[in-house]
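Here chain A shows up in two complexes: once beside chain B, once beside chain C.
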Partner chain A sequence: MVNYNRQLDRTFAALVDPTRRAILARLEREDGASVSALAKPFAIKLPAVMKHLDVLDDAGLITRSKLGRTVTVRLSPEPMREAMDWLRRYERFWSARLDRLAAYAEGKEAEARKRGR
Partner chain B sequence: MNSLTLVRRIAARPSIVFDALTTPEGIACWWGPDGGPVLLAETDLRVGGRFRVRFRMLDGSEHESSGEYREVARPKRLAMSWRWLGGDDSGESLVEIDLRAIAEGTELTFTHSRLHDEETRRSHEEGWNGALDKLERHFLASSNGDRHDQA
Partner chain C sequence: MVNYNRQLDRTFAALVDPTRRAILARLEREDGASVSALAKPFAIKLPAVMKHLDVLDDAGLITRSKLGRTVTVRLSPEPMREAMDWLRRYERFWSARLDRLAAYAEGKEAEARKRGR
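After this line comes the complex of A and B, so read on.
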């Protein structure tokens, strides 16, 4: 049962930022990247990247593990899945309505044509 | 991320689609879930004017949403604030609908955004919980008749 809860709040708040989304997208292609590898494409400094990673970690979207001097970052997909489920349910709500709207408008169009307009 | 966009191609001219979206008569015909009636539909179609729709779900629960028209440009564009009515204030989101004339009729682009504004976060939480629980029950109850689409 997926409720709108605090976890979703944290997930959406974490996903609002484009840099954090870019980090997640990168991890999707290359799970287990090092922090320095993740930071490379961005114009911002390493401490700023670390802050973004903290937010993602707090939201449960990534996990970090340290081996020697290298910190490895991995995706943790569950909170994302919950967020998508929530949005998908909302999408179904509107989707069903738009289908009905289309059917209704198409009926009206047929009527208008019959009247020769 | 916290918004939803759906696109539909409809075999009807934009003015007809626009009227279906904005007249009480039109809304009454498509707004409710399959088999559940629209109990009330009111529209004051001008910028700053309000709309209100009340409908009953298949499980007997009733829901009401209302808002204020922000942009009214027949037959091209409609924007309105959106709010679920309930015991709790569920916060405000934004619905935008663009209608583009195409050879077959109309391409409708529907966007529901600001589903998660930081400012209204707490109030959303309360309101959506109840509304979505009921929605989920509805979807579970009617999942056999549900239409899946690729939008």
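After this line comes the complex of A and C, so read on.
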């Protein structure tokens, strides 16, 4: 439980920063990217990007592999699954709201049909 | 987009702390709880709990209403929906893995049937 909690702490902490979320979103679209390619779209310097990559790595959200002078970064999405499972318990609130909306729409439709007769 | 990002920053930041997650989890089970009831299970002092409630309130994850001397805290789960929608894009990785597992299991089953003949 403690370890599970600590992993969730790290995962959510990694997701707090929009630059880190943008890096993860990019790695979701591309299967592996170099550090310099990842850094390009951002207005921050390479060392700042490296720090973000350290946080993502510590949280287990990316892996880095070095070949010659190029470091390739890849997504490791498993910890996000736990985060999503944690959030999932609140889903019933949204579906309850959707159920009420559906019931309302059906009621309006039935009314319209009645008037149409 | 900037506002959307800022809300996600706040939501994920609120979810980083295990005490705050425990408070949310409790409010998911109970429809409204007093501040003192919420504070009871924790080994921290009331002012510390109040600070956590401030963070949750700023992120829009709870509402507080006062009647006499009692403050009732209620869940306001909507921002977590956005957080979940953000995480959902990574779902295909997990389902891809599940598909591979299912294919493997089916292969094993077919083999076993062949041998059984």
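In this text, the second predicted complex is superposed on the first by the 88 of 117 C-alpha atoms of A that agree within 3 Å, B and C clash if a C-alpha of one lies under 4 Å from a C-alpha of the other, contacts with A are read in each partner's own complex, and residues count from 1 in each chain.
Note that in this section a contact is a pair of C-beta atoms (placed from the backbone, for glycine too) under 8 Å apart; a residue touches a chain by one contact, two chains touch by 3 or more.
The structure presented is a predicted model; accordingly, all values stated were derived computationally and were not measured.
Contact comparison for chain A: of chain B and chain C, B touches the greater number of residues. Applying the stated contact rule after C-alpha superposition, one finds that A:58 touches neither chain B nor chain C. Of the two partner chains placed by superposition, only chain C is touched by A:80; chain B is not. By the touch criterion stated above, A:94 is placed in contact with chain B and with chain C alike.
Applying the stated contact rule after C-alpha superposition, one finds that A:13 touches each of chain B and chain C. In the superposition on chain A, A:106 contacts chain B only, with no contact to chain C.
In the superposition on chain A, no contact is made by A:30 with either chain B or chain C.
Across the superposed pair, chain B and chain C both touch chain A at residues 5, 8-9, 12-13, 15-16, 21, 83, 86-87, 89-91, 93-94.
On the chain C side of its complex with chain A, the touching residues are 5, 8-9, 12-13, 15-18, 21, 24-25, 28, 75, 77-78, 80-81, 83-84, 86-91, 93-94.
Those residues of chain A that touch chain B in the complex are listed here as 1-6, 8-9, 12-13, 15-16, 21, 83, 86-87, 89-106, 108-109, 112.
Of all residues in chain B, those touching chain A in their complex are 1-2, 4, 6, 8, 10-13, 16-17, 19-21, 26, 29-31, 33-34, 105-106, 108, 110, 112, 115-116, 118, 121, 124-125, 128-129, 132-133, 135-136, 139, 146-147, 149, 151.
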